[in-house]
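There are two complexes below, and they share chain A, which is joined by chain B in the first and by chain C in the second.
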Partner chain A sequence: MAKGDPGVTTRGRRAAPRSKRAATAGDPELVQLLTPEGERIESAIGPDGTEYRADFTDEEYRGLYRDLVLVRKLDAEATALQRQGELGLWASLLGQEAAQVGSGRALRTQDMAFPTYREHGVLYCRGIDPIMPLGLFRGVDQGGWDPNEFKFNMYTIVIGAQTLHATGYAMGVAMDGKTGSDDGEAVIAYFGDGATSQGDVNESFVWASVFNAPLVFFCQNNQYAISEPLERQTRVPLYQRAGGFGFPGVRVDGNDVLASYAVTRHALDNARHGQGPSLIEAYTYRMGAHTTSDDPTRYRIASEVEAWQAKDPIARMKAFLTRQQIADESFFAEVDEQARAESVHLRERVLNMPNPEPVSMFDHVYPNGSPELDEQRAQFAKYMESFEGSAH
Partner chain B sequence: MSRIKEFNLPDLGEGLTEGEILAWLVKVGDVIELNQPIVEVETAKAAVEIPAKWAGQVQAIFHPEGATVEVGTPIIAIDTDPGAGPIEESTTGAPAADLPTPSAASLAAVEIAPEEGMVEPGLIGGAAPGGRTAVLVGYGPRTTAAKRRPRKGAAPVPAQGATSAPAVNGTGRTGGLVLAKPPVRKLAKDLGVDLSTLTGSGPLGSITREDVQRAASATPAAAEPLTVSPAAPAAASFGADREQRIPVKGVRKLTAENMSRSAFTAPHVTEFLTVDVTRAMKALDRLRERREWRDVRVSPLLLVAKAVLLAVKRYPMVNSTWAGDEIVVKDYVNLGIAAATERGLIVPNIKDAGRLSLRELADAMTALVQTAKTGKTSPADMSGGTLTITNVGVFGVDTGTPILPPGESAILAFGAVREMPWVHKGKVKPRLVTTLGLSFDHRIIDGELGSKFLRDVGDFLADPEAALLAWT
Partner chain C sequence: MATETLTLGKALNTGLRKALENDPKVVIMGEDVGKLGGVFRITDGLQKDFGDQRVIDTPLAESGIIGTAVGLAIRGFRPVCEIQFDGFVYPAYDQIVSQVAKMHYRSQGKVRIPMVIRIPYGGGIGAVEHHSESPEAYFSHTAGLKVVTCANPQDAYWMIQQAIASDDPIVFLEPKRRYWEKGPVELDAPLAEAYPLHASRVVRPGTDATVLAYGPMVRTALDAATAAAEDGRELEVIDLRTLSPLDLTAAYESVKRTGRCVVVHEAPGNLGLGSEIAARITEECFYSLESPVLRVTGFDTPYPAARVEEEYLPDLDRVLDAVDRTFGW
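So, the complex of A and B:
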């Protein structure tokens, strides 16, 4: 997808008539610009009257499709690598590609993102080599990239903790005077439906709200907190919680990459202009397991998964591109081939990741070491030497 | 690098030590692609498909379906370049034999079990109750000897010494867990006393400093482990040689957890009712004779299910769940049928059974039993039950006091149908009689409601035609 600003327009909070297209037939609260059947909706009205549109060039549409396919394929490769004993664990994003690519592409270069451990799609959109997180899950490094270089923080395993980090960071952005213009900086914090029950997330809501932090809370509601269904997390739609904290909330079809883009871009722009935080609830579904250690058939029924299969984010984009003659079979085949080649390349690089020396774990505790640490290192080295055979 | 590659069973879920081969999706000779699913493996955490790590031709499969395999053991050999002609002698022996032994190289990689006791019982990585290894998340795997390279100069320790856990006796421990404070553990170590052989006299049966000292002074050689058996007569042994230890896992473990949880959270009441079902049995015979029912499996259980479903419509409160501060009354009945299978007792349920016609119900029950018998019942089939029938009659007993499946508030036991002397129209006659036992959650269902419900089920079974006319 081209850099710069794809022609997204949002018209500010005017009391627009609801007749436009308030949402899908089933759910009047959902902002949607592309139906599961691949039909384009011109514009959609959010709960506060904001009108969302997303007008892309054909090239940009194709770019979004390419992102979705690549992100899914690389994720599938990582899952396979775990099953083959090459990764210790993997949290698949299957089904959530549109929410991640849409929001990830909506970020501007200067914006900062705080992910969970599942944001492989956002990571990809930030231009980070997909090999980077695999070292962490292979257990050979701490998860490789420089957060400042890519404006993408390290994966956070602790549920919801990154929302606090993001809030503090966003408050810092505001204090540095980096908001208030088109070139202002915004921050986005990713989390899931389960995290909304955490104190951390609610504390973040409070602080971000009262300090008017330039922060977008991006909740991917994938319906399950591991095995706990949404109805055990909340009695109101999650996006409505924002109202109680004093900032706007909107629910977007998280399987619609166009709507996810438009809603995120609007919220980020509000933040960068100094209009404070907002909450986006991207309504989606985790098609796979919570992680490779989980078995979703133990807590959800096949018919539910099938129902969501029909809302697949890639299938609807493909239907749209085909119908509008924006792309043809040769394009789809080319994208599939690129995805295949990149996943093979990723596999080869994972298999060739060097194992660190066990004793190297002492090297990253303090920048300048300490006598106690030196002693421990020596002890550990001696212990390792007591074994027969090679070093590890 | 050899072109024949052996794939070792990986740790599929953060700290597991073994997995069960559920199904092979490929066979010897198959040409497979990279990432093609080759085998389904069930671990303590999940049943998953493993994708092929290499493209090629399946050369050998080392373990049959149903085998429990330790992590790190080869399960399949793949020829990664089958087009390159026959394999030389040195790589493998005979080609494509079923279940050959793993190559010598792979066996050499299996290392010797270390000394037990390097990790304290109950700590992460240590032994935990039920012969499992404590892991950080979840209840983890059964204990198997951890693999570790041998220490230089240390003689390998025989594995059997490491695996024989002490018997459960005394209050101080269950399985491998010993309660003792760290200073006591230190003392025991210093004095050479094996804590697992002691019976604790402290709080919760924990082992005290005095226990250790007493044991130490009673032991002639401090290094010898203490034996507690007071010189049993040589003739009759009541020791481990005459006991069988069956690991608690799978369905047995789940059943045990569910039953204990239910029995000690829901106050159970059980009521009984003996019913003359002669008329109903005759009605069933007439049903079987009908042309459209000819191929349908019609059992007395079908009528019991129908009776329960109709009675639920009259007393919906019976079909409910206790949810702490509220009672969830369900409009749908997912009717559980307890089934004895080779894997143990399972309770699959018929979804929304209240909406089914009698014919649909009969088909659903047949399908459910078939699926259960073949061991193909899925977890989804077993979840979400709202009311259950247990057919204890098939074992030839009259009734029982069933324990509620967790989350359900009523369960009906259906006993054997026997010919018994019964007063019928003023005379004692041989009649077909059965006994129903209904257990219910007394927090939700009072004696009156439970009795009315049971009475209705009985009325239906005594005279199904009249009940149908009266209620539907």
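So, the complex of A and C:
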């Protein structure tokens, strides 16, 4: 999608409206605009009374579908690469495509994102080459890109640490006077349900609140922190935590790309207009393992996974597009072919990633360098040279 | 050139003021740094003159201070964070060692975190627990951080400005028991002409033994040298100033002349800076040494109750005792 800019409250042209749904505080119901069966809901009311709508042109609907399929396919390719020994590790986003594509497409060009290590779908929607994080998982680099070039911070592996970075960055946006208008800047911080127990996340809630930072906290509640279920992190629905910190919280169906888009776009626009932070809990499910090192069959039952399978984000979008005659089989086939081609291309490039030169481990420790380190490097280089010409 | 007599604390305050004046991207942040001027008044008057967007009173959470400063740095600011006391830096430890220290490395040089983390450190002020610690080894052990410490007002004034101007993340340790000691400060020289930040300095020349110290212990080492001179023994005292990277150039040169070396710090001896320094001096000066390198340090206990801190902290007598032992070898 991303070509157009559908407003949150634009009325639908294609939608077959059902009744409005109320998603009030304490109500387990989600802000949802597309049911698991692919039925379009005209609008949904958030806990603070906000009415969410998200309507797109046919081309934009198809674009969202294409994004979902592509990020799933590229993710599957990365998992396969790990299984074949080409990546050291992979953190799959399987099941979370809608939360990531919806929120990722809701970002405006000037907005800044702070991901965890699983936001491959957001990265893709930012127009970033999906090869970029694979160096980290292959072990040839440490994910080194320039956050300001891509408006997408480096992946952060320490759980929750990036929420403080996002908060500081957002404080800087406000200090730079870049809020208060349509072209104001907003910041989004991604994290998961497990991270909500971290001190850093709670500190970032405090900071963002008291400094009125233009920040959206986007929590993908995928129900598990590795093996630990949500009940080990919280007794209240996560979105309700926001209230205690003094800003709004909303729970959205994270498997619904339309609702994820609408809720995020609304929160970002509030932030950019100077209305401060908010928390979005995208209610979703991690269909795969935590990472390729994990075995989820040890801690969750198959029937639970099957129940979530029925809420699949791509299947519902496909059902909607088909029912509304927005797309046909030839379109779906074309998207599948594009996904296949892109994943093959990705694979080829991963296999061709060169290993770094050992001596490069000394690079970039300090912007201004260090004489101690220069000496270590020289000694190491000399040691390595001593092997030249030998059998090893 | 204007030279004024300032306390070390006032010299820091004046240096911070200058940094705020010279670069609009410099922001000071920490607990009580605003209206109060910090618990040691090091930021006194700065919020009044530069506003609460430049001198920011933060919520009371150290990880938050450093973590948000990382974000501000990514945004292009130059945060100067105050940690109120040495013993309160540990909640921020993860952000410092896993985020601040590694951003430049991970990004292959694309992200700079030009942050200064000011920490009043060390004992000697009769404080309650967690207010007298010397955490320098933790940070010196972490690649990606630089660690410096000043020992006199002149260095305080210049080193804080150099640290803020540097693109490296720097832990800036302030010897809190020396905040009130006075000395002459040249105020108007160009920053570029100041004595280099990451260089040690001979602060008293001598011929008989070399004493290496930093921060609060430089004064102690100088006092010991004065006392030794009365006994006819000339100690060379070197203020290390930079703990990471270490600059032992002057120390090597000195020890090769004197053959004897004593390292002094308040922090516990086990795996303290003295251990590394002793190892390096042994490697570099082996054939010149008349005795092993000796260390005079805090003991391997938690920092004790204030009424016994005088016995815990290295003092003139313990330094002289160690010097004597280098001669008795």
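Going forward, the second predicted complex is superposed on the first by the 358 of 392 C-alpha atoms of A that agree within 3 Å, B and C clash if a C-alpha of one lies under 4 Å from a C-alpha of the other, contacts with A are read in each partner's own complex, and residues count from 1 in each chain.
What we mean here is this: a contact is a pair of C-beta atoms (placed from the backbone, for glycine too) under 8 Å apart; a residue touches a chain by one contact, two chains touch by 3 or more.
Please read all numbers here as calculations on a predicted model, not as lab measurements.
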Partners on chain A (chain B, chain C) - clash or fit: fit
First, second, both or neither for A:Ser293, with chain B first and chain C second: first
Partner chain(s) touched by A:Gly177 [first = chain B, second = chain C, both, neither]: neither
First (chain B), second (chain C), both or neither touched by A:Pro354: neither
Contacts of A:Leu89 with chain B and chain C, given as first, second, both or neither: first
Superposition-derived comparison: chain B or chain C, residues of chain A touched: C
First, second, both or neither for A:Ile301, with chain B first and chain C second: first
Per-pair minimum CA distance [chain C against chain B, superposed on A] in Å: 10
Doubly contacted residues of chain A, that is, touched by chain B and again by chain C: none
Touch list for chain C against partner chain A, complex: 27, 53, 58-59, 61, 63-64, 66-77, 79, 91, 94-95, 98-99, 102-112, 114, 143-144, 146, 166-168, 198, 245-247
Footprint of chain A on chain B - complex, ascending: 7-14, 34-35, 45-51, 53, 137-138, 148-152, 378-380, 383-384
Chain C-touching residues of chain A, taken from the complex the two chains share: 114, 141-149, 153-154, 156, 158, 161, 163-173, 175-176, 199-200, 203-204, 206-207, 210, 363-368, 370-373
Residue ranges of chain A in contact with chain B within the complex: 77, 80, 82-86, 88-89, 289, 292-295, 297-302, 344, 386-389
